[in-house]
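Just below is one structure, and these are the notes that go with it.
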Amino acid sequence: MLRIGIVGGTGYTGAELLRLLAQHPQAELVAITSRKETGMPVAEMFSSLRGRVELAFSDPAAAPLAQCDVVFFATPHGVAMAQARELLAAGVRVIDLAADFRLRDTAEFERWYKLPHACPDVLAQAVYGLPEVNREAIRTARVIGLPGCYPTSVQLGWLPVLDPAAVAAAGGDIVERDSLIADCKSGVSGAGRKAEVAALFAEAADNFKAYSVAGHRHQPEIRQGLEAIAGKPVGVVFTPHLVPMVRGIFSTLYARLTPAGRALDLQALYERRFAAEPFVDVMPPGSMPETRSVRASNLARIAVHRAEGSDLLRVLVVEDNLVKGASGQAVQVMNLMFGLPETTGLTQLPVLP
Amino acid sequence: MLRIGIVGGTGYTGAELLRLLAQHPQAELVAITSRKETGMPVAEMFSSLRGRVELAFSDPAAAPLAQCDVVFFATPHGVAMAQARELLAAGVRVIDLAADFRLRDTAEFERWYKLPHACPDVLAQAVYGLPEVNREAIRTARVIGLPGCYPTSVQLGWLPVLDPAAVAAAGGDIVERDSLIADCKSGVSGAGRKAEVAALFAEAADNFKAYSVAGHRHQPEIRQGLEAIAGKPVGVVFTPHLVPMVRGIFSTLYARLTPAGRALDLQALYERRFAAEPFVDVMPPGSMPETRSVRASNLARIAVHRAEGSDLLRVLVVEDNLVKGASGQAVQVMNLMFGLPETTGLTQLPVLP
Amino acid sequence: MLRIGIVGGTGYTGAELLRLLAQHPQAELVAITSRKETGMPVAEMFSSLRGRVELAFSDPAAAPLAQCDVVFFATPHGVAMAQARELLAAGVRVIDLAADFRLRDTAEFERWYKLPHACPDVLAQAVYGLPEVNREAIRTARVIGLPGCYPTSVQLGWLPVLDPAAVAAAGGDIVERDSLIADCKSGVSGAGRKAEVAALFAEAADNFKAYSVAGHRHQPEIRQGLEAIAGKPVGVVFTPHLVPMVRGIFSTLYARLTPAGRALDLQALYERRFAAEPFVDVMPPGSMPETRSVRASNLARIAVHRAEGSDLLRVLVVEDNLVKGASGQAVQVMNLMFGLPETTGLTQLPVLP
Amino acid sequence: MLRIGIVGGTGYTGAELLRLLAQHPQAELVAITSRKETGMPVAEMFSSLRGRVELAFSDPAAAPLAQCDVVFFATPHGVAMAQARELLAAGVRVIDLAADFRLRDTAEFERWYKLPHACPDVLAQAVYGLPEVNREAIRTARVIGLPGCYPTSVQLGWLPVLDPAAVAAAGGDIVERDSLIADCKSGVSGAGRKAEVAALFAEAADNFKAYSVAGHRHQPEIRQGLEAIAGKPVGVVFTPHLVPMVRGIFSTLYARLTPAGRALDLQALYERRFAAEPFVDVMPPGSMPETRSVRASNLARIAVHRAEGSDLLRVLVVEDNLVKGASGQAVQVMNLMFGLPETTGLTQLPVLP
């Protein structure tokens, strides 16, 4: 049994970690911390856990985190980097669901998160926790920067056409790398469980809007991830939108095919690339994925469309932002780090309708 | 033209007042205050008002409220009572959409709102602003305590059977006055435009719950209102629920019919009572009202059902909590106070779907 | 492994059976029928099942149902009674999720469902599949009439106060049996996956209404169930409402306490009655259940409130209408019928948010 | 007073026409037809109209349409073209909200709508009813093909950069005309009030998906409209998505700027182009339009964004699909055709929240 700690369990990614780990056959929840809610039973805040999670929130200072095998940070940005060094020193692995260990470039981090980076040395050894790209590095990682919800869907969607092996096989770039467009739509749980007017039901319901159009924190992460995949510069424009639903991300990706790309069987390319992936489903030609088809599961589903009479490739990707986009991916990464079968505890079927 | 001031225009009842008054042919918006947002154009906060409302929020201290004909308080409880005396002294009429002038009994007010009442003398002259009950008193009132959203629907629903004239005509009580049940359901805008976790989209969407079951502030107001109508003690149990919709209240009212009540044509009783009311629609027998049938309008619709094989009267009432339950009723009251036709500015049709 | 057939798998209860049975360690899906969709892979209709359910819909006439251990009917009313006799003769157990085997009285059935009953003899041996009431009879039943979604919540809510043992211990009736009120609210999936205008998104969203107020098919089932529990006549008024959410039932139950009832510790009574029940959670005093706290799980949660200053008992019950209100209860019943641990395949945690 | 007929008033665009025309000071509703609902009072189907619209649905054969000044067709495709010739012969103007008179090319019409075109001669004289483009032609038109909901938003969004005058002033194309992308999102009311499984609440709620990705009927209309504006060939890829909300369209438009385009002040270009338009609001730089800011109003709002570090122009457009995208635009067109002030009956403020 893995001994597990969660720092900051009062948000949605924390609650989702609890849901998943309470059903994980190899996980033992040892501590969950919250400064504000110290002493409150977890199941009092999240009544869905009544009878199944007996833990109470504990004071971060007093929690036996150093005795855990792994500690998840489901906290605001900046918390993990303040505590990681000490935990690592105690032999604890760290999985940060926030942004502290995502961006390789501390200047970029500081620009977007308005915080100096507290431990560039730890960052230097951190692995970006996207198993479909970094599986082997994750197995031996001691600290993980887990991808953001949007970046997960966007990177999975473009992975097959940016993959250097596929590019080499095609005899050159498959898509025009400098002009990618990611038009992404997220459910409101992506905003977190924070008291903010913009996320109120009466603001977000029966409404649709774009936000952070001028610049969203996931933009540099998406570019960094795509460039790491491609091994070359990539230009991408990212437009996030807010959908009046609780869970789900839908990414509509546009890329212009090069002559080399137009000659390819793109459906086959995608199917091959993800054939061995347990959590990526390439749907048949002509499919229309929908977010509810992955609701509450760790799956991403992808459909590949070439626009009629055009050289435009359209890739449609769906995921549950709280699962494959956050806590499910965190558990997948944990399984890899500790040598468990990758799908352990992650086989629940999506909930539809 | 009536010169109008609004204190606290950043919430939903304030925004709805702006929507209604900007379309009111006799209203001139003179000032709208907000301590926090001083200087911000109103249309920047509520983009629906762009091009139609040029006003900016002004500092409460500097706003020319004393030069208005009427000032609406769309504020948290406690603000109106702090400013009412001064405004009244300047000859300004006051319409409070909060609770400061609803409860006649200051001890009851203090128990539920945890505030000492600042001006019992003003309260003594305040009129409860429910036109269907108090129309004549409203015409000459200088200060109005506007009914709460739930109390409006509940009082309208039981008015015909508690009305002393109807009771006298029936030869005694029509329903058992001591055991009324109001099972009420409200859209989330009723919680206001406050940053609170419980009103987040991801908390309230795709969910249904009861709240404040042990005691809600509208309970004493409902009882007071029903007793004022009946001229006798009334016992009522009130259960509020939260519906994942933006606007609307649906009240399901249960009352046990007395032998006198069972002998009556209740449909006819309701139709007669509201025949002259411009904003109350008694639907035909067997009707099922729905909240969207009054969305964005000042109407209440009522259906009267007698449960088959039972002596139970069921009255179904719908209203838009922000209009007939708040800002629309406020405008209706204003029209009465200033001798305008009661429906002025309130004739927009409901928005369906 | 149990060999399982599903007749009529294209609706929501069918899809939910598939979701639950595909994760059930002792279940082998042998056939799922649909006249209209013969040949279509199930996962093409419900993409949530892609990669997990390989079955295609088969022609009802050709499906090997007679070789199953148990056949579920997730069909419109009237289908199960046409096929049950033949299946039973072949030694197959039958669980009907529709109404064919719910009402004991065929005249009552015919009045509400406008169909003559095709097999009163089979009905005579059918067991009403509510484990909390009929567990022992279910173990040996050959044919089950599974309770409706509303009746499940209402019967669970009043079981402790109508239970003859509790009544005897209290020295007489705990509540006034002739004047019960069930004010119930359901998500729209309760209307099924049928093309009907009233269930369209643009009709049901951002709206709340009552329906079938003059008489709903679950009314006679509720009364029959409560009378079977109490062993005495019961009078109940039932008002169903439609909530703009996908899943969930919330029942607000009102009953007037007798003097004997007022003397009881009702919280303790409820806790005792359900102490051994794996799927009924009596929440602590003062709790407010919410439908999402049981979303996608087989749990019902109950809170017991006594209205202040009144003799009214209010019981709040939540369930997922597709799980405890239908397909989950069907699996629970199957587990009992075949001697499996009752919770097998039903231990997934609710999905919140 | 204009005498008005509506053919096919039982859908959402029909209901919205009724809402708008019942409040229009120059409109007299003479007849509204429905084959299925002949005799039913309109207000029985749409209870929002109770007390304000006294008309009943009449038999299409018997309705006095030939005595109207104008007849609106709020019908499925194919109905208007069967009746237009006769009405025009009687001197009645025709406004078709369906697609019969949108596409200039009958072969294109027949390809997408699977119907032969019944009256190419009438089509030849029809005017495309987009006032911002065709105002003068509309004034004298006898028959109008009203734009689709998506095409209205897309054409308004690109009008300023495709306008030949602007292109001439810029010294050449402003955007690359052959590679436009329209990523559009619509509320579910756009699917109409038809009983279809895909539009059920339990299918569409808490879900997001793309649809008709391989080809949508609005695609040829969009291309035709943009080419008519530009006077040159245009290439556009259109991806429609379904949003779980009732009303609203949000179009995210992407276009690559030419060197000439990069040199322009695009914000100023948009503001100038729409300065005199009563129903198009160009928002300030950096704005994020939201669909609710135009809910139930005839407005479109537009924000112009240039992606940082990229030559991509992003234009965000919102409209209410039932108003500016259908019935409101129809009334606007009617006002123009009959010499009324263009905004008559269309000045209601949007409903927010």
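Worth pointing out:
Chains: A, B, C and D, in written order; residue numbering restarts at 1 for each.
Assume a residue touches a chain if its C-beta (ideal position, glycine included) is under 8 Å from a C-beta of that chain, and two chains touch if they have at least 3 such contacts.
Here the structure is a predicted model, which means the values were calculated and not measured.
Here the chain-to-chain distance from chain B to chain C, counted in touching steps, is 1. With chains reduced to the mean position of their C-alpha atoms, the one farthest from chain A is B. Looking at A-C and A-D, the interface holding more C-beta pairs in contact is that of A-D. Our note on geometry: chain C versus chain D, Cα centroid distance of 46 Å, whole angstroms. Distance between chain centres (mean CA atoms), chain A to chain C: 37 Å. Between chain A and chain D the centroid-to-centroid distance comes to 39 Å (mean Cα coordinates, whole Å). Annotation for chain B: residues touching 2 or more other chains are 12, 187, 189, 202-203, 205-206, 244-247, 289-290, 292, 295, 353.
Contact residues on chain C toward chain B in their complex (touch as defined above): 179, 181, 183, 185, 187, 202-203, 205-211, 213-215, 235, 237, 239, 241, 243-248, 250, 252, 254, 256, 286, 288-292, 295, 303, 305, 307-310, 312, 314, 316, 318, 353.
Across the complex, chain C is touched by residues 12, 15, 19, 22-23, 46-52, 189, 205-206, 246-247, 281, 283, 287, 289-290, 292-297, 301, 347-353 of chain A. Contact residues on chain B toward chain A in their complex (touch as defined above): 12, 187-189, 191, 193-197, 199-206, 244-246.
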